[in-house]
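Each of the next two complexes has chain A plus one more chain, namely chain B in the first and chain C in the second.
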Partner chain A sequence: MTAAFLRTRAFRDIVVVLVLVFGVGSIAMLLAHVSPIVGFGALFDGAWGTKGEIAETLVQTTNLLFPALGIAIAFRAGLFNIGAEGQLVMGGFAAGWLGAQFPLPGYLAVPMVLAAGTLAGGVWGAIPGIMRARFKANEVIATLMLNVVAILLTTYLVTGPLQQGGANGSETGPLPKAAQLTHLFDTQLTWAFVLALVLAFVLRWVLQGTVFGYELRAAGDAPEAAKRAGIDLGRTALIAMSLSGAIAGLGGATIVAGALHRFNTGLSPGYGFIAIAVALVGNLDPLWIVVASVAFGMLQSGGIAMQAEAGVPKEVVSLIIGLVIIALAGRRVVASLRST
Partner chain B sequence: MQAVDGVDLELQPGEIHALVGENGAGKSTLAAIAYGAVRSDDGSVEAVGVVGLVHQHFKLIERLRVWENVLLNREPRRGWAIDVDAARERVRALSASYGLAVDPDALVETLPVGIKQRVELLRELDREPSVLLLDEPTASLAPTEIASFFTTVGDLAKRGTAIMVVTHKLAEVIAYSQRVTVMRAGRVVASHLTSETSADEIAREMVGGEVPALAARASVATAPLLEVRGLSARSGTSVLDDATFEVRAGEIVGVAGIEGNGQTALSDALAGVAAFTGELVFAGTPLRASDTPASRLARGIRVIPQDRRHEALVLDWNVRDNVALGRHRTLGLAKYAGAAREVIERFDVRPPNPDAIVAALSGGNQQKIVVGRTLASSPKLVVAYQPTRGIDIGAAALVQSRLIEARNAGAGVLLISFELDEIFATADRVLVIANGKFVGSFDRAGIDRGRIGALMAGNA
Partner chain C sequence: MNATLAAVMAILGLTLIKATPLIYAALGGVLSERAGVVNIGLEGILIAGAFTSVVVSGATGNPILGALAGVLAGMLLAAILAYVTTRLAVDQIVAGTGLNIAALAGAAFGLVLVYHQPGASHEVPALGRTGETVLVVLAFVAAGVLHLVLTRTPWGLHVRACGEDPSAADSAGIDALKTRFWAVVIGGAIASLGGVYLSLAELDLYSDGMTAGRGFIALAAVIFGRWTPLGATGAALFFGFFAALQFSLQRAGVPSELLQALPYLAALVALAGFAGRVRAPAADGVPYVRS
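And then the complex of A and B:
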């Protein structure tokens, strides 16, 4: 399977997503005896109605944007990294634990916390990268497994050897004030949102405007031709997976430093999985992924309001997102498993 | 797109009718319509009896036995089970009756290509076709096998079967057919009794004008470039065994052989993508099995791979980025567009647009990009593996001319081809490969077609 294959059916994918969101969403609402107009109205209103709600939508956008950008880098290199969840969790853990363990002065604390998360996520991405480069191990299975390992490993570390006395033993200690991200406009939104946007533009430039990006795309779009043109596929896979994991890890660190102010094993409600759909809907193009993140961020934040205002269970949103993932990613996972 | 447009064609029982035309002229589509695999928008096909079709690429199930392949879906039954004895006997009788000797119990994967072709033929003959369509039937046969194949086909015709052979090999048309129809751009442009025409006339009709002449061969001083001693290599199922030869700067060395005789292993070993043992010395220093493709490129060794769609091009990319591939580091992004325009100009790539997506280009234009970017890097050694496969005569002549010009300018060229005519037209020396071994060497002046054909078939 080539990266080009992942990107071929962009238009059809958008149609599928719209049908799933509005079609399945409407059916689910009707089953709950709620008019879809009222239900979707509550969802939109809950996502964009007030300053606080807009901020929450953009926070969800940010939390999806980081892992989705990471996923896109791996996918563009032809690597089906579905381990963003694990990479994000590892990044969050490293940020939370180090930030609480080593309080640094203000101007160093935040960079250290974010760098720790980036590094940890990068390492977690590099592991399947090395397995792929050295042993041609299928990265789908490796990354999927490492998700579970990451969650169980951090749970073990937090409750066991690296315990810091956080609440009910499933958290690290609190981050000092200096290590927390500054809030914007007096809302929950932090400048992690701005960082994610800048990152999207930088990644777009890396992919389209550098020789490294050229080699990465060649490896993804036509590996045999790339190999014969002197591109080292193993090295490219390792770099792409490390970079991919690092970006997801950075995302985990911003959740810890921006919202939770500690690492908690329930840090992510599946951002790393939803981000697969976000990356595919965004056609693996960093700028379109920004747009897709806003749309999915809206579903995430509006779902709660929909439950409160219209009485539609917020699980309807999970249902829709789950179906989108199956529709967009399922076929590709099967193709990827067959190709190795 | 209209692949075939308003074609009238009539096959007579007892006649071998050749259908010729360039790639994309609509021959295979016409055959598929006649067979019933493709629906025509307008017009009709009428046949008395069953129509059979033998594909260019065998459609056999490798893991099954001969009788299982021949009788697939038509197995004689005894109750719920297949009557194996009756099946075996039916295949044996069929093969005896047509003089196509083959063991009904042999596993297809163990058979050489010539025998596989017989199995394909038997499968169609079991249906007792009154019309038999053969699509490029000799593509993977040795010259000697080709003669015996057409003897069989001639016998079939004498029994009253109407036979149509789709081919691009004009020598076979002249030698074996009674009637020939020429197609160009989806239309029939000429129809002759074979006895009343010539290969030259047919070629002109296929191209729609004069066949372009090749570049002149300048006399150049040659110098040692690549020395190969005892090279053994493997790439997938392709195996090369103990090859010793040299390629000098300023000459084209042709490697003549039938597909599947070790050519891929040879090409891949030189490209740096297949492991090898033996001694390779290039411009005075050794090449190692551990070399990366990048290090081969850096030393001026460029390979035009056999499969341009997978091994050479990124089909979803535009012309500009494809022209850069392989030189993308040394050129730098800013120079990609200029490099693309040079190749487009020198190789007459159509459309002449660096932003055109390569997948949308014809095979000939795709190949011009591959050959163009290869020669634009001023290589010392060019390994050209089937550089004109599946492209039209005009594009093929252009590619061959550019290879000759590279030779004239002092490059060494190793031309690996399944088309003897291509090798005879361009090579200074001819090496013959069979069963993974180099079995003969001929200077241009001493080329002996009959001898080369026999060597290719493995008859030393």
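And then the complex of A and C:
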């Protein structure tokens, strides 16, 4: 059992990731004249040292988990959605703008804000889905372009026609108290974390235990066979892309409702891109993605402490994440692609 | 009358300045995609060219050495992408995305190491007016040469064959993996000149985020230009023209975000097939594994 695991691809990937994290990290720290022991010590301590730091790590975990789950759904269907960043931004904008514009009473406010984000992200994911289903347009390039368009569009809306008088024009107005997520344990952590965990279990069940999940995986693993078996590939692509975008959009809404309490054009430091690494490290399996998102959440929150405490530029973390993505680009996602 | 003429000339001049880095990046993208490798990492290659050329020019005091080093850095990054996508047959899109993240972070980290400050480098010896003119002219020369290479030379035919059907190319005695590898690496060399132009010709320093998504606009130009060197150059000029008009149009009340979004929207329209028949090379983006 153990010996068999040591020979699996998953194990090999874990080794590669660990070598990259500690190898590249150590070299970078030595270049910055910092002992790797001090550097990594500051990173781990900054991520797990106090109650507040643990909470921040789990907040970063949450922010990565939503888009990573969305990406996994699309990748499993054989669709390279690299547009999670744009879908997350659109979700955050819809949540922030509607939440501030139409203050609803009590228990209605939070569901509306989250639903608005989910819907907006879903629509933004559906666009490349429709383009793929109707015009056979390559979803990779489409989602890539839509990332930039999302940021430009929300910047335009928030500073122009939909302005709400937020600070320096790049923000929406503040969310009313009723639309903000409740904090847990007196920290920055909100129940968005719990929501993301529940969602991971639900998606795992959808993928493994439902007819839809089966069709989705079939479309991804063996599109030709799926087509012959009567699965409508266009329809599957559209649903998978919409669902994928909706989950990323929900993530954007939780950032707005949980932490910022308003939409801000700098909402995401690239969560949608880092989430690609999270989804790949997590083997596109929702439950493993939870584990991977904790690891990357730790790098995100600990990186800031590493810079402040040990003087290692926090870009080292992004450098490692980029290399991890390159190293894991050879996953089985690859096998299936590009037959419409 | 003279004032109008001067204004028109100013816009055209600005168009060339804005278009030149896009042309280089787009030509690099065309070569690589015609061989069947989608180079999402163009942005990272621009960053590598821009950053390395500044560091080497600063260290040696010689901007031409700097430019050469920038090209080498671009080739090195492209070689990494080429190696993992041909020899290891990993996914091109995912690998390219990783390359962009790593290059941006690597340059930001490098700034702190070399200049002990985040954000931007010091000013370094630049290529100057003459160098800038040479690079602008060279961009158009490169477009013409690449067009001839792709259409008139045996190697160009090999490249196109690998982009359409690598397995058939292999059967015909063309080493598909080797051809793809070198197409990506040479494409990286061409694209990196765009980065060199940004940091050593248009300016004399590197700052974080200075490439500002030009690698992605170049990808849009490749599609809008229908995967041909001349078409991509035309698309880059078109996008450069709107970038040049940005300030005047902004004063006339056109939102700048709309103008910035134009290349991406144009590419989306082209992708959806509204701009006539657009077809990528048949094996574009498909890893080739010998059986």
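Basically, the second predicted complex is superposed on the first by the 316 of 340 C-alpha atoms of A that agree within 3 Å, B and C clash if a C-alpha of one lies under 4 Å from a C-alpha of the other, contacts with A are read in each partner's own complex, and residues count from 1 in each chain.
In this text, contacts are C-beta pairs under 8 Å (C-beta built on N, C-alpha and C of every residue); 3 or more make two chains touch, one makes a residue touch a chain.
All values derive from a computational prediction rather than experimental measurement.
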Broader residue contact with chain A after superposition on the shared chain, chain B or chain C = C
Which partner does A:Leu153 contact after superposing on A: first (chain B), second (chain C), both, neither?
-> second
Can A:Ala142 be said to touch chain B (first), chain C (second), both, or neither?
-> second
In the superposed arrangement, does A:Thr210 touch chain B (first), chain C (second), both or neither?
-> first
What is the contact status of A:Val34 with respect to chain B (first) and chain C (second): first, second, both, or neither?
-> neither
Have a look at where A:Met131 lands relative to chain B and chain C in the superposition and call it first, second, both or neither.
-> second
May I ask you to decide whether A:Val324 touches chain B, chain C, both, or neither, giving the answer as first, second, both or neither?
-> second
Chain A touches which residues of chain B in the complex?
-> 271, 273, 292-294, 296-298, 303, 305, 310-317, 321, 324-326, 328-329, 332-333
Which residues of chain A touch chain B in their complex?
-> 4, 8, 209-211, 214-215, 218, 221-222, 224-232
Report the residues of chain A in contact with chain C in the complex, numbered from low to high.
-> 28, 31-32, 80, 82, 131, 134-135, 137-138, 140-142, 144-146, 148-149, 152-153, 155-156, 160, 270, 273-274, 276-277, 280, 313, 315-319, 321-331, 333-334, 337-338
For chain C, which residues count as touching chain A in their complex?
-> 38, 40, 80, 84, 88-95, 97-106, 108-109, 112-113, 118, 213, 216, 219-220, 223, 255, 257-258, 260-261, 264-265, 267-268, 271-273, 280, 285-287
